[in-house]
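Take a look at this one; I'll ask things after.
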Amino acid sequence: MVIPNIAVDAVRHLGAVAPDWPGHPWWHWVVFTLINIVFILVMIIGVIYIERRAIAWFAARTGPNRTGPFGLLQAIADAIKILLKEFITPMNADKIVFWIAPAVVFAPVIMIFAVVPFMNGAMLADLNIGILFVVAISSISTVGVFMAGWSSSNKYSMIGAMRLVASVISYEIPVVLALAGVVLIAGSLSLNDIVLAQQTVPFILVQPLGFFLLFVGGCAEINRSPFDLMEADSELVAGFHTEYSGMKFAMYYLGEYGEAVVMATIISTLFLGGWQWPFLPGWLWLILKIFLVFFTMVWTRATLPRVRIDQLMAVAWKFLFPLALINLLVTALQVLAGWPEDLLWLMGIVNYVLLGVLILLWSRMYKVGWGRIEV
Amino acid sequence: MKFERYGRGIAKGMVVTMINLLRPRVVTQYPEQKLTISQRTRGNELVWDKDKCTGCGTCSKTCPQGVIRIETSVGDENKYFVESFEVDTGYCISCGLCVEACPYDALFMGYAYELGRYRRGDLVLTRDEMASEERIRSGYNRPEVAETLPRQTLLIEREGD
Amino acid sequence: MQLRTEPYVLDMGPVHPSTHGVFRMRVTLDGEAVLNLEPVFGYLHRGVEKLAEERAYSGVIPLTDRLDYVASMTNNLAYVLAVEKLAEIKVPERAEYLRVIMSELQRISAHLVSIGSFTNDSGCYFTPFLYMYREREKIVDLFDMVCGQRLLYNYMRIGGVSQDIPDEFLPALRKVVKHLPGRINEYDRLLSENEIFLARTKGVGILPKETAINIGASGPVLRSTGIEWDIRKKDPYSIYDRFDFDIPTGEAGDCYDRYYVRLQEMRQSIRIVEQALKQIPSGPVKADVPQLIRPPVGEAYGHVEGPTGEVGFHVVSDGGIAPYRCHIRAPSLMNLTGLYDMSVGWKVQDLIVIFGSFAITMGEIDR
Amino acid sequence: MTTSLSTWEVSKQISEHVPGAISETTDAAIVVNGESLLNVAAFLKNTAGLDFDYLTTITAVDYYQYFEVVYLFVSMEHNHSLVLKARCHTRDNPTLPSLVSLWRSADHQEREIYDLMGITFEGHPNMKRIVLWPEFQGHPQRKDYL
């Protein structure tokens, strides 16, 4: 534990030299680009392990335990196996699009980590529009998925891709509105500033509704169960990547878990205090929080059935969207009224009561539509 | 979806899965860990008792698949001598009817279960293979053999409640 | 602006994760909504009925195992009942009890499989499925102990059962019977109130009462529409008239009711097994029936209430050692007649759920 | 207990309403002419007191001289059953009227009989092979099929 600690401290020191964008020394970019790529790959291996282990434990199985100690090297073994596989291109596929699509899906995942602080100021670029950057970049992978679904010339892929586009576009709105509440309280769009603002109270205690919305919306946006409609394995075989094999498939696989890591990182940065916490080094706290959030996602995946596509849309537009608006309005009023800094806990209590009342109310008011059409 | 009960059902389900996460796992790691199989296992490696068999061919007649081939000739003391006795286990459906039909208790189901072969021809069991002493007899329809075999592992006993 | 759309045809199956074997549905879709559906059978056709004509009466029993391979015991029983009716064989008392115990355990295990795969179809990622398989394993252990195999039991014989149960069977069965209700309640909690599960299954794929009768539906599919029709009650075979149990019925005839009827039926089956355990006498387990039985010329229809519905065997004898004709009434084949009515207009996802709620086995449909 | 209706009484009733339909009555079953099968079936379904609303199973048996199709009807209301038989005496192109218009449970079963036994059911909306592929020659369930 000593060596990484020193390394990260050094890096943080380097990063803190000049937080403004254009004035950075060149080695800052190199070092952090490397750190980001390594971090995301290691985290992907980590979450894949957690996913496979936890879902196996939930299902009364053991999970991977053959490769390495406790099966920790399973993801690497899978990667080696998948590298040796033949890559098959369907005859009727739109070849160029088919080949580009995996890169389009995977690249944004790495890009997002540019603005995530591992410790105070230890980040690739402390953009003053950090959250906006996250929201904008994370939508790009949708294009990649749609490219894959379109170019595969497979009906299952096409249905999966259409579902994904529909769901991501709808869920973007409640997610962004949920983020806005945090931004209002923190008073900044920069992720580092938001983490610093959680010095005393993590925002999950202040913004419970925002957390709930971001968690549900985030699950939908990265297509995790119960909203994993785009690759609904019991209906669409494998959704948009049905026709992919070999390393291209691995790119989707990595991209999918990379998105999960990103979403878990955003949630833990915005609501769980990011690297803030005593005793342990900050980057370790961040990793632990990411794993915790991810574990919750696995837990829901292990328990819940999948929703239908119209129900998915109904949840976004009839349930999450109004709640997000109300949350934003209430938070804005609270901030506008100049809520005293040391009474933040009271704001938390008020918001929790609000969460309860709203969920009770909406349970009564909201109904998803009748799924059948007349033929 | 109507949250008439405010998502209580989902919460209940989550609790159930969490309880099951904490339960001991029932999976066994097969090649290293092996459970004791049933005393009456119908492994299709038939075991044949050369001394008891009279060559009546009842097994062959009862076999629904018709995979038991038995050739006999009249030997000394007017007894049948079994010249060849073959079972193509590739076609055997392990139904156990031959063992039940045998009037002299000369045929037994096998206790073995790892029966993969590389060649299809190897699946045909010959007279000597079936009479081999190394084969363990299963207790299917042979209670006296069943008593000698170890007790079967039961999940209900491993898991308890 | 008017966008031009056109329906397209999607071949679901024969190789598809949710077709429970090798079933194929030619589905015409408008976006995600099902406009037309044509089931295509026959990918697992092995000609069991023809094969049965060339085997001795006892040799057909292993074939019946391979029809509905998640419910071999009840298939065995249906065939054996038909032959016994034909040959007028009296079955010993203990064998009757063993038959009842085995078929009720089989019903529990088959329902566990159906519920498990149904939840899998509705999108639970294998968790309930494996829970169900864990419980099924306890029952399969018992079957293994009795008849030496875990899937294709081949236990019933003409005139009884193949062999008596070993000594440790009854204590183990008592333990299982004591253990299972708690687990069933647990899975009830896991699924029956889950809002997402309700949203996916309630009101989906409704089969009206009249249609259910008209298409010849049976088993949980029929009972979920509210019709109290259970052959164990209405035409008691074996010794079912000695047991006290209820017929769980649904109300709407939707996917949820089919699921819930199965869940409640498991409880009733446990009740029957408990009663049978108290009453089981000692004695012989097989009537004195020759291995190559020759029933008199005639025909008989034997049916039982299998886990999927009424499993029937229509056996025609010409006095020989092999059945002259052996027709199998496959409950799943009849139930699937209603698939079109139930799924047209719903989405692809609902189609999978509706199809999963039948709990079909292709071995039985294609034969 | 599902009671088997007395075939003699039912056949008397049938012959009153559909004259000339019965060709033979035994203790176990009523054999009707192929041409009047649909009328008899409709009579069985719609007559109060009989109300056979459930067609349990259809079996076709090949007796070399003729094909016999066995229908087993059950009434859920009265819990009684009846076996009805119809015969086809040709081997080349045996036909019988289809009962799909009355009981849709006949749908798949008649297709299966057509497929395996080669009996065509007239009036069936979708008389195609069900378990074998469309190009298949012959009808394997027949006794002379080798």
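Residue numbering begins at 1 within each chain, and the chains themselves are lettered A, B, C and D in the order written.
Keep in mind that, in the parts below, contacts are C-beta pairs under 8 Å (C-beta built on N, C-alpha and C of every residue); 3 or more make two chains touch, one makes a residue touch a chain.
Quick caveat: nothing in here was measured; it's all calculated off a predicted structure.
By the document's definition of touch, common neighbours of chain A and chain C comprise B.
Highest C-beta contact pair count among chain pairs: B-C. Summarising the inter-chain layout, the chain whose CA centre lies farthest from the centre of chain C is A.
Chain A and chain D have Cα centroids lying 62 Å from one another. Per-chain Cα centroids separate chain A from chain B by 51 Å.
Inter-chain centre distance (chain B to chain C, centres taken as mean C-alpha positions): 25 Å. Distance from the chain B centre to the chain D centre is 43 Å, each centre being the mean of its Cα atoms.
Among the residues of chain A, those touching two or more other chains are numbered 58-61, 302-304, 307, 311, 368.
Within chain C, residues 127, 131, 134, 190, 194, 196-197, 199 each touch two or more of the remaining chains. Pairs of chains in mutual contact: A-B, A-C, B-C, C-D.
For chain A in complex with chain C, the touching residues are 55, 58-61, 155-156, 159, 225-226, 228-229, 232-237, 301-311, 368, 370-375. Taken together, the chain B residues at the contact with chain A in this complex read 1-7, 10, 13-14, 16-18, 20-21, 23, 25-27, 29. By the touch criterion given at the top, residues 1-2, 28, 53-57, 59-62, 70, 72, 76, 79, 83, 103-105, 107-109, 112, 116, 129-133, 140-141 of chain D touch chain C in their complex. Remark: chain C residues 55-56, 58-63, 127, 131, 134, 137-138, 141-142, 144-149, 152, 154, 162-163, 166, 168, 172, 175-176, 178-179, 182, 186-187, 189-199, 291-292 touch chain B in the complex. Those residues of chain A lying in contact with chain B across their complex are 54, 57-62, 65, 299-300, 302-304, 307, 311, 314-315, 359-360, 362-364, 366-368.
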